[in-house]
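Got some structures for you, see below.
Shared chain: chain A. Partners: chain B in the first complex, chain C in the second.
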Partner chain A sequence: MSLRALPALLLRDLRLAVRHGGESLMPLFFLFAVLILVPLGVGPGPNLLATIAPGMIWVAALLASLLALENLFRPDFEDGTLEQWWLGHLPVTGLVMTRLLSHWLITGLPVILFAPLAAQMLYLPDQALGVLMLSLLIGTPILSLIGGLAAALTLGTNRGSVLLSILVFPLVVPVLIFATGAVAAAADGFSPRAHLGLLAALLVLALTLVPLAVTAALRLNIE
Partner chain B sequence: MSLLLEARDVTFRRQGDRVFKPLDVELAAGNAVVVLGPNGCGKTTLLRLLAGILQPAEGAISRHAATAFLGHASALKAELTCRENLEFLRAFHGTPGISASRALSRTGLTGLGLRPARALSAGQKRRLGLASLLVSPRPIWLLDEPYASLDDAGGELVDELLAEHLAEGGAVALSTHQRKPKLASPAGELWVQRAPLEEPA
Partner chain C sequence: MIWKTIKVGFHRLGSAPSFYRFSTVVSPWLWAGFALCSVIGVYYALYVVPPDYQQSDSFRILYVHVPSAWQAMAGYVVMSILAAIALIWRIRLTEIMAMMCAPIGAAFTAICLATGSIWGRPMWGTWWEWDARLTSMLVLLFIYLGIMGLYAAFDDKRKGARVACILVLVGLVNIPIIHFSVEWWTTLHQGKTIRIFGESSMHYSMMPPLIWMTIGVKLMFGAALLDRARNELLTQDRRKGWVRKILSNKGD
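== the complex of A and B ==
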């Protein structure tokens, strides 16, 4: 088994993402569309916005990560690239993790980088900004992992976006609760450690189990 | 003669039914096998089984060397250029062979290196698929209809590449409808027969 396949795959995924340009930036545009439109709807008062800021940023990040899921495995499935993973000399679970990493780099990382701007737009208290970034850093990989599992399971269905969303939503509820809990606690001046600790535990759990489950789900759909 | 791939009594089940009658397949170094049979008898399924993409429902397959599988879907990324596609595959499969530009010229695609794979014709895509076999050499070639959508020159190119591969100690199994490979030593033939429907027990 050659581990050289992993950086090669990562590089190609990122190159494809750059070549798709607009499509890859969709999640980020979506995030800011929500963050700009909601204050117009509920009224721009700083007190109200500061209260709902953690929840809004997180819900927008969650929905943004859903946007790119349909393209996680399906193009590879349709053009025959995916079946090449099973030729026997490639570490399939490693390839799955590489693909999920590239998904996170494309959808998760830009959200984290632009989170300070989003926080400013919604009057999030300054002492909560660090915790918001940290919660996104721990939480968005979980979104990519769970989303990847749903995408792998629905690969055989005909463009199963609805099924995909139904599978993802219950699984990401804990992520949303602990992440927004951490940011809200920090904004109110309390310690966010308990929430962040539970979030990190969820990440460890997802990181351990999901790649194996994704590998099995892809294998089922290849057959 | 060293055996590169052995399959004993293999078959595959789809929705519980056998796809084809159990088969024995042996591929030794320097051997070519042509998989024959009518449409829908399971030729592609057999090749995918041999490649390891599918797991046999019955029987056992042992592979003693790395395999390359070239199917109907070309396994190329339409948005990448021909050269990028080949360079990716060269690194991905971990057994670098000849360079991407030499593979392109060998398969008659000289000068198309910077063209996106999307802009190739069906026959050119097949040729690019053949080039992908050259950039990452693996001893066992499993080719699903390699002659499809190729012109006469393309068919001869496939024959030449097969002959070179066999001379280097490789083995080939390929399915075909159009033409049979013209090789120095005649290729073995393997008929795939559709399995009769089983009576529910």
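== the complex of A and C ==
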């Protein structure tokens, strides 16, 4: 069994993303588009913006992560590559996790890197910036995992994208609560450890169970 | 010997015509039981139980609110068990039964949220509060709706049912969150007052209608589930021989 194919798949996905260029960065542009609408919508007062900043950044990150999900498995499903995953000798769960990792590297990681800019736009207090980035680092992989599950579930349907967002939203509620709780606590000068600990627990839970569910959902869809 | 009879009976229920006959016989009895229990329950709740010392008569909505909340969660557990059976043994009838739990469970969740809201307005002074119990119940409603939407989005109903069954099992994580939400977070919704083990903090004189209503609601869930599953089965198998035979026996 050669696991060298897993890095090869990862590299292929990343190379595809790089060569698509702007298209791959659309989720990041979308994130900033949402964040620009916030001060225009609720008013540019720094106090109000600082209060809602953790929630708005997280909601925007969540919406941005939904954008790239539609094409997570669909092209491979349509051209028959997914069936080859089952015919090959590699563990399918490993391939699934590799694909989810590439999704996170393309949509999650840029959000973390640009979080300082987003935080400045909404006047997030400086002492909360580190916690915001940490919460994104722990939380965005969960978004990729749950989003991947929704993408796998809706694969066999024709009108996937709206349904996909509806499936994701109830499942990510705990992530949003603990992540914004951590940032808000840090902004108010309290310890964010309890929230971050629970968020990390969610990540461990999702990391262990979601790939199995994704594999099962893909398998049912290619039958 | 008895075990064998049960096993054969269970396997026989998995066949569509047998299930059709079984459910047409059983569901009227469940509806009748529901009618009886709820008439007794409503009578006790409105005329026998004394008014609460703080909330006077308005607490009586509890007898709709609590049984539907319990059934919204119990219905999800039933749906999960059916979904697990459907995924493991691929029994078509349990797939259909699991899917048909979702609209009934969603209805009970909606009733629970609506009655809670109506009760909350005079007692808490607000229609809605982003409290842990209320929020997790709302999430349950959206999980139910997601399951229904996913099932409906597939043209191939068997595939749709199996895929939605995975979502059912994933959504199961929400059930313990709802159950323990009043213990983990201290917000607006009151804590656990009714216990099976140990003493309830609700006075015993208020208990009988709750028990009647709870039994009634459970029977109603069973009846509605059997009826829905039977209708779904007839719709899916409308071109098959056994359905044509039943329809031709019904005249014209």
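Quick notes on this one:
Criterion: the second predicted complex is superposed on the first by the 221 of 223 C-alpha atoms of A that agree within 3 Å, B and C clash if a C-alpha of one lies under 4 Å from a C-alpha of the other, contacts with A are read in each partner's own complex, and residues count from 1 in each chain.
In this section, a residue touches a chain if its C-beta (ideal position, glycine included) is under 8 Å from a C-beta of that chain, and two chains touch if they have at least 3 such contacts.
Since the model is a prediction, treat every value here as computed from it, not as a measurement.
By the touch criterion stated above, A:157 is placed in contact with chain C alone, chain B being left untouched. With both structures placed on the common chain, the touch criterion links A:213 to chain C but leaves chain B unconnected. Contact with neither chain B nor chain C is seen for A:200 once the two complexes are overlaid on the shared chain. Contact with chain C, but none with chain B, is seen for A:169 once the two complexes are overlaid on the shared chain. Contacts of A:223 after superposition: both chain B and chain C are touched. Once the two complexes are laid over each other on the shared chain, residue contacts for A:80 go to chain B alone; chain C is not touched. When the two complexes are superposed on chain A, the residues of chain A that touch both chain B and chain C are 223. In the complex of the two chains, the chain A residues touching chain C come out as 149, 153-154, 156-160, 163, 166-167, 169-171, 173-174, 205, 210, 213, 216-217, 220-221, 223. Listed in rising order, the residues of chain C touching chain A in the complex are 87, 135, 139, 142-143, 145-146, 149-150, 153-154, 156, 159-160, 162-164, 166-167, 169-171, 173-174, 177. Those residues of chain A lying in contact with chain B across their complex are 2, 4-5, 7-9, 11-12, 15-16, 19-20, 78-81, 83-84, 86-90, 222-223. Chain B meets chain A in the complex at residues 48, 51-55, 63, 66-69, 71-80, 84, 88, 91-95, 138.
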